[in-house]
């Protein structure tokens, strides 16, 4: 399993009139976290696209337990639970920087797509990077 | 079952560098659609809040089949599948204005919360409006 | 002068913890309004791009007098004050649907750019549409 | 003059189909930067609000010279040019992390507002912090 922690600070732009982060914003935080996680294993998403591969989101889910608030620092824990074949599943846990209390959990599922928009199998250069990291 | 159609037009603000609507934006479209649907059955969300009730999102899910693009007009079909008890589930289908082809499906689940942030049962004034509409 | 009115309804996604529309959101509303205004004079922005012309924003300004709030319906009044040469200036006034009280004013300035990203003079097909409309 | 640098990384959520950061997103980056700058001089905005003072944006301006792109790291340089009286002006320069080339410049102007929404003079506790820092 590959795991990575990404810190996000909550700003006014993220918070609604209930005083907590608006629900769709977590999916932006998830994107930040997975971009950084992929980069950390040698897969800058710009390079992935430059090699003609895209990873469009085909499913997205979040479960909201407790709201994050303005100026709070939160950690997006991100996991790749298994080696991808036709799809890549990524899981997320959000907790405050200062505690383990889970605020939000979620997942995204990504297809592998070539430049003509067709689904393809997980490319070898991606699978190798993930495998290599999982052995660590 | 309560059903409502809400039209959205896609603007530049919604579209990413793949040329399709960014995945989190659909959750904003879902919010627009459920605000209008609730309003259409006599439940303006401002009034609901004025009566001390909030409907925070506790789960959100979307399944992306095909991307909507800039200047496309899309319909958010929205459903309340059953009379709420402790939670309100709302379902969404997105299709182009001109066809029945499904682009995105999804759901949200909402708690009922009082002013002190405690979960409560579905308030009578909400259940009555939903029941009344379902009989139509 | 070309004038066009575009209605926007404020949703939860737009409102911050002060209970008013977050300041950057007006620039999204401005984009919606100018896309619709250009479309109304026969210039769908998709078609403009298909002809190899882009209109990137080079300046944006807003003056905020009073905040719009959740579920409020507001009108974006949009003006093209003069026939464009090297740049296109567009002006905006925001007021509630029910009154003339100005909430926000602003402007955007756009360059004309060709497919290689170079600035160009206002293309004839755009100037003609604007001129034609100004005579009405 | 108070100066502060805030780093932002550009993600997919920020980038439009021209492949550059959508124009309104810079105002979100400006907000991040000013929240961090104020915090760096001992003015956490949460504390400012807790003392009954708000700093609503009353003017916002940006001048766009060159677009930032996906996965680019950019620096928001932020300045308070003068000690505030009735209004606080803040200025911004955006450049790539790796160079001094200016991508975007801008400013925001903020009022000081009390809890009943009335404009007030710059509160002493804010002016003192700014003065103290300017002497450094």
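All chains are identified by letter, namely A, B, C and D, in their written order; residue positions are counted from 1 within each chain.
We adopt the following convention: a contact is a pair of C-beta atoms (placed from the backbone, for glycine too) under 8 Å apart; a residue touches a chain by one contact, two chains touch by 3 or more.
As the structure is a computational prediction, the values presented were derived from the model and not from experiment.
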Most remote chain, CA-based centroid, reference being chain C:
A
Hey, which pair has more contacts between C-betas, A-D or C-D?
C-D
Rounded Å distance, chain B centre to chain D centre (Cα mean)
34
So, in whole Å, the Cα centroid of chain A is separated from that of chain D by 28
Please compute the C-alpha centroid of chain C, do the same for chain D, then give the distance between them in whole Å.
24
Multi-chain contacts only, two chains or more: what residues does chain C have there?
12-13, 18, 24, 28, 31, 70
Sort out for me which residues of chain B touch chain A in the complex.
18, 20, 23-25, 27-28, 31, 54, 56-65, 67
In their shared complex, chain D is touched by residues of chain A numbered 9, 11-13, 28, 31-32, 35, 39, 44-46, 70-71
Which residues of chain B touch chain D in their complex?
12-13, 15-19, 22, 24, 70
